[in-house]
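Paired with chain B in one complex and with chain C in the other, chain A is shared by the two complexes that follow.
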Partner chain A sequence: MLVFAISDKGGTGRSVTGTNIVYRHALQGNDVCYLDFDFGSPTAGAIFSVSAVARGTRENGLHHYLRGECPQPRRVDVWAESDREGLRARPPGAGRLVLLPGSEGGGELSALTDEVVGRCVQLLGRLDEEFDLCVVDVSAGRSFTAELVLAATVRMPAIPFRWLVFHRWTRQHIIAADGLVTGADGLLDVGTRFGHDPEDLRDRIRFVRTAVLEPDAAELVGLRDEQRAWLSACDSELRELAGRHGVGRTAMLGKIPLDPVLQWREQLITDEDVLASKIANAETAAAFDDLAKKIVDDSAWEGL
Partner chain B sequence: MKLQPRQQLLELWEAAARASYRDRVWTWGGRDGSNSISDAEQLLCFMYPASELPGFRLDTPDETADDVLAALAVLGDSVEIPKLLLRVMGQYLRTYTADDGRPLFSGGSYFRPLDDEAKVTPEQLQLDVVDSFSMSVTLALGTLGFLKVFRQSVRRESIRREIRELEDLASKRLSAAMAGLLRSFTVNAFDPGSTAGRALLRTVNQTGAPTRRVLDDLRRELRPVRAGLRDLTIGSGSQVDLDNENLLFECGWTWGIVKDAPDIVTPLDIGPQPKGVAADTPFLYFTVNALVGIADLFSARTRVLSLLNDDQITLAQAIQRRWDLTQSYWRTIATYGRGTWPLEDIPWRTVDEKESDYYSLGVTAMVVQSLVNNRAADVDLGRVAAVLEELAVRARIIRRAVPGDPPVLMHSPGVPINLNGSDALGPHLLWVVSDFAITLLKRTIWAASIAQNTRMRERLVALADQIWRHIMLRRHTDGSAAGLWDQPGNVFTDIEVRDEEPSWYFSERVVEFLVSAATSSGEPPLRSPQLVELALQMLGEAEHLLDQELVTRPLIGGQTIQPKLRSIQASLQRARAIVSDRPATAQALINDALLGLERLSAARDSASEAI
Partner chain C sequence: MLVMGEVHTGLLQNSGEISESTCRQVLGLMTGETVRVSRRPIVHALSPERLTGVDCALPTASRSRVRGVGTVVSRCAVTGGRVAQGSSYVRLVRSEADRRLPWSHYLARPGVVEVLGKAKAADLAEGFTGDSAPGCLNLGAVSGRFLDLVQASPLLDRRAPFKIPRTSLRWVAETGEPSIRFTLHTEQERTLRLTHPGPFTPAVVDLCEDLATHDWLLTSLLVIVERARIGGTPGAQAAARLAPAIDHLMHLWMPAARVEEWLTPFWESLERRPGFTRQWRSLVDRVRDQVAMNALALLSATAEAGRR
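Entry: the complex of A and B
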């Protein structure tokens, strides 16, 4: 299963959510890999705390591979190479957790040629055979990278794929997330141009809300009653707006609550963070766990 | 116990979901088994709030409220719930359709034989009942409305197809229910000298006036109703000879399709129309029941969503005329004369000389309904309120029962109604009604919602709170039916029967009540013109003082006095904006502002005291 992670704007928490999902999926006993296609700023290494590739790799990055500069992109086994104590050893029962870093200072793809698409198809096909789940971080907004994977998936009809669109729970993000999917040059538009069936493609797209402040969240305890009344009115307004823009609950796969750890340092939330040091909220870990299950659960994608 | 409709409804939903969806399988039927009425009642426990109250909508998964989802968590998430409802509605509509395509409205397990030994025959179990017509009208309209909105969120073709099929089935059921209502309406004419005639005259004549005069006067009062009934064309009740002015009459619904009722001629597909056996005389209970269901046919929601097609509107209009005439007939009888109303002479006596508090309650329903339509004065409402209070006392709802108290029988097992004519197909049948308490509560809250002055409203709301406390005690406290109704043994020590299963009959009526309570608490509060006037005068003074303050004070930068005045200004602006809707709240704001202004002025006065 291929999962493409995209966001309407930068700073939505796409990378940190995507990496946490693969981490949880690995803990659930599956072999997973994470491809950092965010060529502008490949920082997935930092989130996995692999200092050697914190800002991408100098050699054999994904960028180099797609340009045909190396036969195989570099693979990083997170269980072995992470600097974080809690990630150093593979927990019993967990699957493989592999990162394919981007190239340091690689820059955006300049053009979409047939060779590039071909290499992408080869890579994804091979990885899909090897791993249960491949999450591809496709950067923010409309990009050549998004077009690249849309073009590549048309050529691999046998390989199941899904899209996750990350957005924050605000007015502008809701509208932007809808635009990214249904607007001009959006995913559906471009996908159809490359030969995808728009209805079918639409069924493969789900939204994930990040940094959501629930009206009953613990963070709101300190707020005044007036602020809470206002927040709850805003929330229902957003809900109505989201429904109108097709970003409502039916099109949503999950939501990640606002968490101080994610806010101040993008990192994986391990069970130690929740249970031992208690720096992260249990709800956040539960939300990642839930998403990691739903991402491969067909009934969660059935929809209406 | 203070009534909190939203919380109570959510609790009820949680309980109903738990009782209906056991081990992820939908279970039909409660203590009285599964039949076309009980199943409709069970479904309406969910569908009625969902279609009547915006905060309880289930048809737009994107907007379902979180507390609603939490309450219905047993049924699934926001997407699974409407899908489940779709499946269950399909089950209901298909189960109660005969092989020849005719929708079934059978009373089934609700029928009881008069003689305990006798066995109800299969033909009798299949008999259509007015209760089912009435319940089906409400359910079909709720279903159609639900589907109409839900369809907009659905893209999957298989679900869309199912929605279309259900729309056809529900629409057909609605048409058939309307035809059934038209074929069970009846007019009963009788001679003033007959037993029935004498009974009616005794009921209306509360002042001991000469019978001759009462008769003439009653004829005159009923002339418009008589003329209207004479003009009825389709359906039953149109063959009676009303031209003979000497005869008295009564009109309303019998318990099922009238014996030898003519078929309804309509282009609508409703399948073959069954033969009836019901006696050709109105029953008070079924008349009230029919009136309640029919009201949904011309509700604002039905019109706004245009749930009826043209042919159905024709039928609905024919029903509406009967509704109006029946309403007007019973109001005339119940409030006849200048002295005591016949309604106030509790218990009500029917023309077949049966007496029960239950009948008084039924007549009250029609009087309250007509007060709603006529925007009646609170004087009339006061008399109805007194009747409601007395009924609550007499039925031992707001008074304790002593051992062997006869009114307790009205709650359990209930008031038996003889289904005259049912013996054509087997033993004589009974219909047992035990919804006295909740129906009384419904009437009370309904009357409260039309009260024009605060004191009358307070009086009725206080009564409603008392009855509600009684009803809450009658909830099941344990077992699979916990949180649902009805366990009268909790309140009445005489009643030893304990049921494990819920009564959907009673629970659905509680839902109806809670919905109307929630609707009326959503309306703006009652306000008196005097209060608005007073608030406006206070506002005038406050604004004047504020103006003075702004004129006299020199503007000096850095002083904290300006924000103070600004906040006073803002509260006064807010007060002016809400003064006509919420005069008391406006006054509170004004008081606060006046106090602030007064402190400033007092401080200045003390400064000028220096010698």
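Entry: the complex of A and C
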């Protein structure tokens, strides 16, 4: 299963949610890998706490590979190479957790050639042979990278793939997320141009809401009644807006609650963060765990 | 001087094993040339050979610059309709010229790479089996590409029953006093140093491919048994996780089936140490015992329910 993670804007928590999903999926006993295709700022290494590739790798990064500069991209075994003590030992029953870092200072792809698409097809095909789940961080907005994976997946009709569109729970983000999928030069538009069936592609896209503050959340206990009423009104307004833009409940795969840890530092939320040091909320870890299950659960992906 | 090659082995990306006739189509990389199939003791299909022209640096342990020009021979194989391989090799020969000759010269010598400049066989052998140096002849890249070709065949449904990594076996063969050394490096990389009596023949390549197939089978069965977490999970769950091994791998063990008589002593020596078949048998017994135990538990649970 290939999963492409994209967001309408930067700062939506796409990378931190994507990495936490693969981490949870590995803990659930699957072999997983994470590909940092965010060529503008490859920072997945930092989230996995692998300092050697915190800002990408100098040699054999994904960017080098796609440009044909190395035969295979570098692989980082997170269980072996993470600097974080809680990650350095593979928990019993967990699967492999592999990061393919981007190239340090690689820059965005400047053009989409047949060779680049061919290399992408080869890479994704090989990874699909050995990993249960490959999450590809496609970066924010419309980019050559998004076009690259749309072009590549047309050439691999037998390999299952899905798209996750991350957005925050605000007016602008809801409208932009819809635009990224259905707007001009959006995913459906470009995908159809490359030869995808628009209906089929639409069924492979789901939305994930990030940094969501529920009106009944524990964090809001100290608020005045007027503030709470205002928030609740905003929330129902947003729900109505989301429904109109096709970003509503039916098209949503999951939502990640606002968590102070993720606001301050992009990192994996381990069970230790929840149970021992108690810096993270149990709801956040549960939301990641739930998403990691739903991502491969066909019943959550039935046609809209 | 010496012969070196690399074999990549992986699970054929199909839900079930494929028939002999599908094997022929999948491996028919070149029109007009036939796929060779042997049926006993296990169906083995071998594609026609293809050449790749190379003119590049050769890996050396001393990092001295040695240039090689010629062609790489590659082929694909499918064993038991289930295990796919991409395999490439070159025969290194000292060049009589001190410059590159017209391509017709190299095309008349398929699979030969002529070495320009001073080079010692031992240095090249060490270099090839050591850490791969960037910019040098990379037979693994060629073999990987040929394996991709098989896996991307439109005749395969790509719904493999389980995910499993490919393994690579890099080998070097020389003429001399017989010896064999098989080394495991990372989880997926292996090297083989072989010294055989008499001149090189393609039978040596068959031996290396046969070893690669069995090493992959053993590696994959180990992975499946590890994933089952016997003892750490309920018996029924462990047995369910072992099922793919029974369905798809356990009947494929046929060591030295395609190895010529004069090379079988090499297989036999590996059977003594480290003992491939010994480990395989113990794993297979373990899998069967787990499944039998689980069946017993189910039976007694049913009987219990019947009495109530």
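The criterion applied here is as follows: the second predicted complex is superposed on the first by the 302 of 304 C-alpha atoms of A that agree within 3 Å, B and C clash if a C-alpha of one lies under 4 Å from a C-alpha of the other, contacts with A are read in each partner's own complex, and residues count from 1 in each chain.
Going forward, a residue touches a chain if its C-beta (ideal position, glycine included) is under 8 Å from a C-beta of that chain, and two chains touch if they have at least 3 such contacts.
What you see is a predicted model, and the numbers here were worked out from it, not measured in a lab.
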| item | value |
| --- | --- |
| Fit-or-clash call for chain B and chain C when the two complexes are aligned on chain A | fit |
| Touching partner for A:Arg249 - first (chain B), second (chain C), both, neither | first |
| Touching partner for A:Glu130 - first (chain B), second (chain C), both, neither | second |
| Partner chain in contact with A:Gly141 - chain B first, chain C second, else both or neither | neither |
| Contacts of A:Gly186 with chain B and chain C, given as first, second, both or neither | neither |
| Which of chain B and chain C A:Gly93 touches, first, second, both or neither | second |
| Which superposed partner A:Gly303 touches (first chain B, second chain C, both, neither) | first |
| Winner by number of chain A residues touched, once chain B and chain C are compared | C |
| Which superposed partner A:Arg239 touches (first chain B, second chain C, both, neither) | first |
| First (chain B), second (chain C), both or neither touched by A:Gly40 | neither |
| Which of chain B and chain C A:Gly118 touches, first, second, both or neither | neither |
| Inter-chain angle, chain B to chain C through the CA centre of chain A, in degrees rounded to a multiple of 10 | 130 |
| Shortest CA-CA distance between chain B and chain C [superposed frame, angstrom] | 21 |
| In the complex, chain A residues that touch chain C | 29, 31, 70-72, 92-93, 95, 122, 125-126, 128-132, 158-159 |
| Complex interface listing, chain A residues touching chain B | 199, 202, 239-240, 242-243, 248-251, 302-304 |
| Chain C to chain A touching residues, read off their complex | 10-11, 13, 134, 138, 140-141, 144-145, 148, 151-152, 156-160, 163-166, 227, 229, 232-233 |
| Residues of chain B that touch chain A when the two form their complex | 60-64, 78-79, 82-83, 153-156, 159 |
